[in-house]
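Across the two complexes that follow, subunit A remains constant while its partner is subunit B and subsequently subunit C.
Then we have the complex of A and B:
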């Protein structure tokens, strides 16, 4: 049997990866807040991380045992809201009416996302430390 | 009524398992702090105790995946009740889960200390008091 505490660490570690992905996506959204050209053509589109639960130990999970439920990044999707438009006829990407289509990124939203991801990251690090203390104490039982 | 060492050690072992199960469940909840639609889970001690008492009398296979004669785990995980949901259907509360983890850590430490003391006594007896 895999140690249940190890599955807890695995779950917390999966959350660290997922929250880091959220921060990375928020940062790239902020970095491209003025990018009027992208690989797909048109302005950069805001990206969003979709999280999904993922049992870390499917065997324990199937037996109905207390196994931790981890998390994984299910997809990174594009925000489909319309791009912002700004009147700037001198811009090389301006349309016939003089409007430039800018990415649909809202700095406030990205900041809130980053804060929430950073908090969750911290919480999971705290969890890993607590579990490590427990494992250490369990190992102490074997010492003379 | 005499309580032998094996009974005490077994009770402490179950206490350790229960604390570990609580830790595992809380860690899973924390991991899914931002997963839409995730419902917080918790280990219910009363349910676990009932299960334990029921399984002590007869060993029943209540789940097709149960192995015959396998000892029941003292952990019963169910969805936490009475927690307000956020707009995305998630009802994990950061402080609640961290508190549960700290508490489980404390319980584990207490049981471990008692178990270590018990082992020390057994070792003392084995070494004929030396």
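Then we have the complex of A and C:
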């Protein structure tokens, strides 16, 4: 595939990987919505993906005039907001007052995150398909 | 009557053109060679990506993009080969 289109596809592919990471994190947030114990102690803490631009390795980039810039996951950080508290004295992890500290996960927020990540994934797939069609059309030039 | 003098001409043309012809020929062969190498390389990469995906080490989209790239490179190679063959046949049909 021609080099400029190649870097464009690489950029879109990096976005696909980043959106997949966002979905993974949203899914793990949803999965652990009731987890009162974690490896670090205390309830599970909601996690968030931090994205960062990542130059696509190309000749143009080496020359300092890259047109395609990819994205990568810079970090997965924990949400530091306070855990939810629910009165449930019978729970084994309840404190002296009978309150259980639950993860600071809001299902609605996770659903919105997941939807937006899925839409972004689709958008990048569409971009890749568009580039594929362009290359295909260019190859059709030779078919005359 | 002897026809000897004509034989002297044959030595001139090859000496003048063979160098350039060989260079042009090798350049084209090199280009074709590189195209074939690119095809080979992209298909090997696609192969690697697909097996990585099957092993759970890679993403589906990476495998698909690698496959798509391999297909595009193959199509380009086939197009170049078609054009080459077409040009050859054109020359062969040329009335002399």
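For the reader, a short list of remarks on this structure follows.
Criterion: the second predicted complex is superposed on the first by the 134 of 144 C-alpha atoms of A that agree within 3 Å, B and C clash if a C-alpha of one lies under 4 Å from a C-alpha of the other, contacts with A are read in each partner's own complex, and residues count from 1 in each chain.
Keep this in mind: a residue touches a chain if its C-beta (ideal position, glycine included) is under 8 Å from a C-beta of that chain, and two chains touch if they have at least 3 such contacts.
Computed from a predicted model, the values in this text were never measured in an experiment.
Taken together through their common subunit A, the two structures put subunit B and subunit C side by side without a clash. After overlaying the two complexes on the shared chain, residue contacts for A:17 are found with subunit C alone; subunit B is out of touch. Of the two partner chains placed around the shared chain by superposition, neither subunit B nor subunit C is touched by A:33.
When the two complexes are overlaid on their common chain A, residue A:53 makes contact with subunit B while staying clear of subunit C.
In the overlay built on the shared chain, the residue A:67 is in contact with subunit B alone; subunit C does not reach it. In the superposition on chain A, contact of A:132 is made with subunit C only, not with subunit B.
With both complexes superposed, B is the one of subunit B and subunit C in contact with more subunit A residues. When the two complexes are laid over each other on chain A, the CA centres of subunit B and subunit C sit 40 degrees apart as seen from the CA centre of subunit A, to the nearest 10. Look at A:118: by the touch rule set out above, it reaches neither subunit B nor subunit C. The superposed three-chain arrangement places the nearest Cα atoms of subunit B and subunit C 6 Å from each other.
Where the contact sets of subunit A with subunit B and with subunit C meet, they give residues 9. For subunit C in complex with subunit A, the touching residues are 59, 61-62, 65, 68-69, 72-73, 75-76, 79-80, 82-83.
Those residues of subunit B lying in contact with subunit A across their complex are 16, 19-21, 23-36, 38, 41, 43, 63, 65-66, 73, 75, 77, 94, 97-98, 101-102, 104-105, 108-109, 112, 115-116, 119, 123. Within the complex, the subunit A residues that touch subunit C are 1, 6, 9, 13, 16-17, 20, 125, 128, 132, 135-136, 139, 142-143. Put simply, subunit A touches subunit B in their complex at residues 4-5, 7-9, 11-12, 14-15, 18-19, 22, 50-53, 62-71, 116-117, 119-120, 123-124, 126-127, 130-131, 133-134, 137-138, 140-141, 144.
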